[in-house]
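Each of the next two complexes has subunit A plus one other chain: subunit B in the first, subunit C in the second.
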Partner chain A sequence: MGFHIVKRENCPWWQRLILYVAAVLIALGLGAVVLLFMGVDPIEYYYQMFTMGTVGNRIAYKTFMNYLKEFVPLALTATALSLAFKMRFWNIGGEGQFIMGSIAAAFVVFRFGPVLPMWLTLVLMCLAAMLVAGLYGSIAGVLKVKFGTNETLLTLMLNYVALYVLNFIGETKADWNFFLQEQSARPVFKNFSSIAAFPQFALGGKFQLNLCVILTFAVGALVFIYLKYTKQGYEVSVVGDSLGSARYAGMKTGWVILRTVFLSAALIGLAAAFKVGTAGVLSTSITDDVGWTGITVAWLAQLYTPMIFLVSALICVLQHGSMVAAATFSQVDSSFANMLQGAILFLVLAADFYTRFRLARVKKGEKKNG
Partner chain B sequence: MAQYAIETRGLTKTFGSVVANSGIDLNVKEGEILALLGENGSGKTTLMNMLSGIYKPDSGSILVNGEEVSINSPEDAKKLGIGMVHQHFKLVDTFSAADNIWMGKEKAGLTLKKKRYGEIAEIAEKFGFELDPKKKVCHMAVSEKQTLEIVKVLYYGAKIIILDEPTAVLTVQEIRRLFNVLRRMKEEGHAIIIITHKLNEVMEISDRVTILRKGEYITTVDTAGTSEKELTEWMVGRKIDLNIRRPLVEKTRPLLEVRDLVIENDEGSVAVDGVSFYIRGGEILGVAGIAGCGQKELCEAIAGLRPLKSGQMVHKGDNIAGLPPKAILEKGIAMSFIPEDRLGIGLAPSMSITDNMLLKKYRDARGPFVDRKEGRRDAQSVIADLSVVTPSTETPVRRLSGGNVQKVLVGREIKAGPNVIVTAYPVRGLDINSSYAIYDILNVQKEKGVGILFVGEDLDVMMALCDKILVLCHGRVMGVVHAHKTTKEELGLMMTGSLDLTEKYEGKPAGIAKDSLIDEQEGKEA
Partner chain C sequence: MDKLSIITSFIHSIIVMNIPLLYGTVGEILVEKSGSLNLGVEGTMAVGAVIGYICGCWANSLGVGILTAFVMGALCGLIFAVLTVSLQANQNITGLTLTTFGLGVYFFVGNALRSAKAFPTMNDYDSIRAGFEDIPIPLLSKIPVIGPGLFSHNILVYLGIAIAVLVWWYLKHTSPGLRLRSIGENPAAADSVGISVNRNKYLHICLGCGIMGIGGYYMSLYMSGSFNSNCWINGYGWIAVALVIFANWNPALAIVGTFVFGFFNTLRVSGPSLAVAFPGALGWLAGIPTQLYQALPFIITAIVLVVTSLRGNKFSSGLPAALGLNYFREER
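Showing the complex of A and B:
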C-alpha cells in the first residue's frame, strides 16, 4: 500500500479554483499563527487589512483612491511583463525600465511643462517615458538577438544601472539639475503636481476616478486582444514556444523579439508615467518594487491578462491593507504583507502542482488463476 | 505449469481517463524471444515501463520466476534482473563506454579502478559484441551506443532484457548483427522482449508474439504458425492490404534541382558534401542513409533555414539558393522534418492544433487579426482525413501521442498545396495504419504532379514507395538507383560507403538531369 503521483489529464476550472482558494486560505492561516504569536487577534487584523479600514470610515473614498494609485502601476507593469514572458523572454528588468520611464516623464514636465498646455505635457510625458523605457529594455533585446546573450542577467544588471542614475540625479546639487528644488540646500526632488497631473473625474460623492485607471484598463484590454487575436500576438506565442518552428514558418524571429521586448518595456514606461503623473514628484523609491512584484503577479496569473488585473487587485489589497492595519496594530510591521505574499505564492505554486498531478492510492488487483 | 522468467497477470494502468493498459497477460520463458506488437498508443511502452519500474501498475500483478514482486523503481527492476534498452539512449556523452557502465554499478566504490576496462571487455566478448571500453560515447556511432546499452544491462546481471524499438536506428547489416547477438543471448538462457513495428523482423527473430491493441491484450501466437498478414489483422483489428502502391505518373521536367551542394552542420564541419540531385514532378525520390549523414542539414538548407556553403539550388528554373524561408515557402516548397523528439521543427508544441495549422499561413488573413476560423476548418479536415485522435481542435499539440503529432504536421504541409514536398521520416515511429495513411497521401500528391523528396529509414518501404533512391554516406552521394531494380543489400553497402555507384553510368553523373534547367540557364548566360 502506498501513494504515487499520477498525471492528470484535465483539471476542470472549478477544481482549479478550489485549489487556488484553498492555497490562499492556508497562507492566511499560516499568517494567523504568526499573528497569534505576536499577540494580535488575526480575525480583527485580517478584517482591518481586507477592508483596508474603509468600513465606517468617513474618508473611505480617499483610501480607495490611494489604493488605485498603487494598483495602476502594478497591474500595468505585470501586463507589460506578461508580453515578454509569453515569448519566454525573461524580462526581470521592470524596475530599471520603470525608473528610466519615470526620469523621462519628469524631464518632460520640467522642460516643457511650464510652456505647453497641460494635456500636451501629459501626452508628451507618456510618449517620452514609453520611448526611453522601451529603448532601455531593448538593450537586452538587441544583445540577445545579435549575440545570443542571456537576457535575465542583462535586464537584472540594468536595474541597478537605472537605480544609480536616479540616485545620482537625486543627490547631486548642481545648476543643470532641474529635477531638484532650487530653494532647498539639501538635495530634494522638486514637486511638480501643479504643472502636470492626470485629470480626475468625479463619480458621485467625493470619489474621483483618475484618468490613469481608465487608461490602464484600456491598455489591459488591448494587450489581451493583441496576444490572443492578432498576427503579432500569434508570432509572440510561436517564438516563445519554439524558435525553430518560428524560423521555419518564415517569421523574422529577431524582429519579433525586438518588437515585443520594446513593447513590453514601453508599457512599463507608461506605467511609470502614470505613477509620476499622479504622484507629482520623483523619488528614489518611485517604483514601489512593481518591477519585482509584477513578475510574481504575471506568473500567479499564468500570463492571462484578466487574471493579472485580478491578482494585482488582491496583492494591492494585501499591501495597502497591511499599511492601514499597521496603524491599529503597531506591533505588526507593514512588511507582514510581504511575508503573506510569499506564503501565498509558494502555496499557489503547490496548488498548481495538484492541478497537473494527483496522488493515487496503489491498489492490488484481484489475482487470476492460471 | 511452466516456469516463466517474467509474467504479468491482468496488469492495468490508467492515466487520468485514458486507459493505457487494461488486463495485460504476458509471459516469457527463459531462452525465449517474445515480440511485442501493437500500433502507436496501444500501450507497449507503458507496459514495458511498468516492468522496468518507471510506472506503477494500478492493478494486476507481475511475477518474476513464479514469484509475485512489486517493482517500485528502476532500481528494483535492476535487482530483479530486468534490464531495459530504451529507444533513446541513456548515456553520458563525455564518458567512456566502461565509465558509463561503471557509474550505475552498486558498490563501485569511490575510485575508478583500472580493471573495469578488462571486466567490461570480457563480458562484451562473451556475447560476441565489438566494443572498445575506452571509447567515449560522443565518438560512437548509433549502433555502438546501442551495443553499449545492451552490454550495460548484461553487466548488471539482467536475465530479462527488454528492447524498445532497437532496430529503428540501424542499417540492414547492423540489424543482422544485433539479431545474432540476441540469438546468442537466447542460447545463454536470457528472456528477451523486443518491441518493433517491423513485421519482417518479428517473423525473423521472435519465438512468440504478443499483440496489444488500444491498451488491450489481444492474443499471443507462435511465430512459426503465423504470417505477417495475420499479425497485421490482429494488430489493426481488420484486414489490411500490405502492399504499398507505386503509381506511375508522367514525369515533368525537373522541379527542384540541387547541384554540388555543400552545407555545414552546427559545429561548422561539412555535413553535406557536394550533393547533386533533382526531383521531377510526379516522382518520389528517396534519400537513404544512416541517421546523421547530412539528411537534416539537407532538408534545412532546402527550406532556407540553413545557409549554403556553396552549390546551386534551382526551383523551376529560378535560383532559390540564399532565399529566406518565407520566400521559399511562397514558391510552394514544403518541408517537414520529423526529428527524434517529433516536436523540434515545424510545430509549436504548447499551442493548439488550430494554431499549428496556421503556422505558415497566418499572414494570409486580411487585417491585423489571425483567422482562427480557417485554422479550425483546416484542423477539422486534417483530423478527419488522417483520423487524428484528439479530444478537440483546441488541444495543445504536445498532449497528442507521437503518431498523431506527426499526422498534424504532415497533414498541414499537404494541405498547403505545395509543388515540392520535402519530408524526412514522416512515418518515424508510426504504426502500420498511420504509416499507410501517410504513404497514400504522398502518392495522391505524386499523382497530382508534386515532386517529393522522401528521407526515410525503412529500406523495404523506400523500395516499394519511391521511384528512385539516392544514397548518402557521411554527406556524400553514393549513387542514385531505381527503387524497383535495387536490392536491400546493395543499398546497405552504399549506406556504409562500401559501394560507390556515382560513376555507374558513363557520361551521366548521378543526380544530374539530362534536361536540367541549370545547364540551360548557364547556356543562356554564356
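Showing the complex of A and C:
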C-alpha cells in the first residue's frame, strides 16, 4: 500500500481555518510540555502571555501603547515585503532597508529638525527614509533585471553591510558624528524626541493613539487597493505568476520589477521613519528583527494584506506577551517566544501542505508514484 | 612579547578563531548542492553549540560533545527536510524560521540552566579542556614563526579541514557525489534516470546540518563555555552562507575562503596590537574602523555575486541551477 501526492485545487476556507488553528494549538501544546517541565503552570503562563498582563492592571493602556509600537513597524514591513514577494522577488533585505531608512530619518531630524517646524521635519523624515531605503533596495532590483544577479543572496549580504554602517555610526566618537551625544565620553546615540515626535491623540482615558498607527492602517488599505484594483497591481501579479506571459502580453517586465522593488523598499523605509519618530532615538538594534519576522509574517498571511495585519498583531502578542510573562515567571526566559514562534511556524508550514496537496492512496494494479 | 611571536599568534588566531566558518560553509555546500538553500545555518549552529556543549560537559567527553552537536544539527536539518522536501514548504521561510527557532532554543536552554546555576563551566571538566588543547604536528610545527601558527592546533581544527577535503573529494570524484550534484542541477532529469531525489536530499541536508552543528560546538569550546547575552555563533552562520558563494560551492576553496575572511576577522581583533608592534609598516591599521572588517566578508561576497552574474554563462559557476526550488514530481 502506498500514497502519492496530488495537488488540490481549492481548499474550503473552513478546512483551512481548522488546519491552521490545529497547528497553532499543537505548537502551544508542545510549549505547554516544556513549561510543565520547567515547573510552570502552562495555563497561567499562557493567560499572562495572551492578555499581556493587562487584565486587572491599572497601566493596561500603557502596555497596549507599547504593544502598538511593536505592531506598527512589523505590519508595515510585512506589507511592504508582500509587494516584492507577489512578484517572486525574494527581497530578504528588509533589515538593511529598514536600517538605511532609520539612518536617513535620524539624519533629517538632526540636520533640519532644529530650524524647521515639527510637522515639516516629520514629513521630510518620512520622505528621506523612503528615498534612501528605496534606493538601497533598488540595488538588488537593478542588478537582477540587468544581469540576473540572485536577489535572495544579494539582499542578504546588503543587510549586514547596512548593519555595520549603523554600528559604525553608533560606536565612533568623532567631531563629524552628530548622531551621538556630545557630553558623553562613551558613544551613545543622542535622543531627539524633543525635536521630532509623531503626534498622539487622546482617546478617552489615558490612552493615546499615535498618528503612525492610523497611517499604517491607511497604507495597508492603499496597498490592498493597489494590488487588487489597479493596473500596476495586476502587472505585479502577472509578472509573479509567469514572467513569460507578462512579456508576451507586452509588459515592460524589467520596469515593473524595478518599480515594485523600489516601492517595497520605500515602504520599509517609511516603517523605519515611524519607528525612529516614535522611539525618539536610534539604536543598533533599531529593527527589532522586523526585517526577518516580516518575511515570515508576509508568507504566513499568503501575501494577503488584511491577513498580514492580523498575523502581525498575533506575532506581536506572542513577543510582547512573553516579555510581560517573563516578569512574573522568572524561570521562563523571554526567548521562549522565539522558540514558540518557531514551532508555530513549522506546524503552520506543515498544515499549509494539506491545503495545497492531498495524499491519495495508490490503487491496486497502479504503479507506485512518489 | 617580541614582535615575531605577535605574528605567530596572529597566524594562529586566523585559524582557531575562524574554523567554525569552515564547518558551517562545508555543511551548507552539501545542503545547497542538493538544491536546497538553507538559511538556517545560524540557528542550526546555535542548537548544536549549546546542546553539544552541555551534553559534552555532563559526560566529560569531547567525543560525546561532538556527536551530540552533530546529531542536534542533523535533527535541525531533518525539520528542514521534512518541511521543504516532503511538505513542499518554501525554503527561504523554513530556513529563516529555523534560525529564529534555533536561537530561541539556544537562549532558552542556556538561560534556564544559568538561572538554575547549573550551566557547566568548562574549567571543571578536565578531559574536555585537555581534548581541546593544541596538538603540534611533528617537524612542521618546528618551522620558525609560521610553524607554531599553522601546524599546532586542537583536534577540531584538523577534523574540520579533514571534513572539507573529504566532502570535496566526495562531490568531485565519487558517483554518489555526482548523483547529488545532478539533483541540485536538475532534479527531474536525475529522477528520470532512477536517482532517488528525496532520499538523497534528506540524507545530505541532515549530513550538512550535522557538520554545521559541530562548527557550533567548536565555537562553544573556543568561548570556553562562557554564556552571556551574546550568542556564541554571533553571525558566523550568516558569514558561512556568504562564504559558500565566495568559495563557488567548492569545499576545497572554502578552506582558502575561510582564511581570507578569517584574516579580516582576526585583523579586527589583533589589528591594534600589530599596529603597536610595527608602528612603521602597520601603524595605519589602528585607524581602520572595526566595523569595516566586520562588513568586508559581506561586501566581498556581494561583489563576487555581481561579478559572476556579469560574466553570465562564460563563467562556470558552482551555483546549483535548481537552488531554492522545491521538486514536485508531478510538475516536471
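Quick notes
Everything below uses one rule, namely that the second predicted complex is superposed on the first by the 347 of 370 C-alpha atoms of A that agree within 3 Å, B and C clash if a C-alpha of one lies under 4 Å from a C-alpha of the other, contacts with A are read in each partner's own complex, and residues count from 1 in each chain.
Just so it is clear, contacts are C-beta pairs under 8 Å (C-beta built on N, C-alpha and C of every residue); 3 or more make two chains touch, one makes a residue touch a chain.
Please read these numbers as outputs of a predicted model, since none were measured by experiment.
Contacts of A:237 after superposition on the shared chain: subunit B is touched, whereas subunit C is not.
In the superposed pair of complexes, A:229 makes contact with subunit B only, with no contact to subunit C.
Shared-chain residue A:250: touches subunit B; no touch with subunit C. Greater residue coverage of subunit A by touch, when subunit B is weighed against subunit C, goes to C. Legend: residue contacts after superposition of the two complexes on their common chain; A:333 is shown touching subunit C, with no touch to subunit B. In the superposition on the C-alpha atoms of chain A, the part of subunit A touched by subunit B in one complex and by subunit C in the other spans residues 6-7, 370.
Against subunit A, the residues of subunit B that register as touching in their complex are 9-10, 12, 15-18, 25, 56-61, 303, 305, 324-327, 329, 335, 343-351, 355, 358-360, 362-363, 365, 368-370, 372. Partner subunit A is touched in their complex by these residues of subunit C: 37, 39, 79, 82-83, 87-90, 92-94, 96-108, 111-112, 115-116, 235, 238, 241-242, 245, 289-292, 294-295, 298-299, 301-302, 305-306, 309-310, 312, 319, 324, 328-330. Listed in rising order, the residues of subunit A touching subunit B in the complex are 4, 6-10, 229-234, 237-238, 241-242, 244-251, 360, 362-368, 370. Those residues of subunit A that touch subunit C in the shared complex are 5-7, 38, 90, 92, 143, 147-150, 152-154, 156-161, 163-165, 167-168, 171-172, 292-293, 295-296, 299, 330-333, 335-343, 345-346, 349-350, 352-353, 356-357, 369-370.
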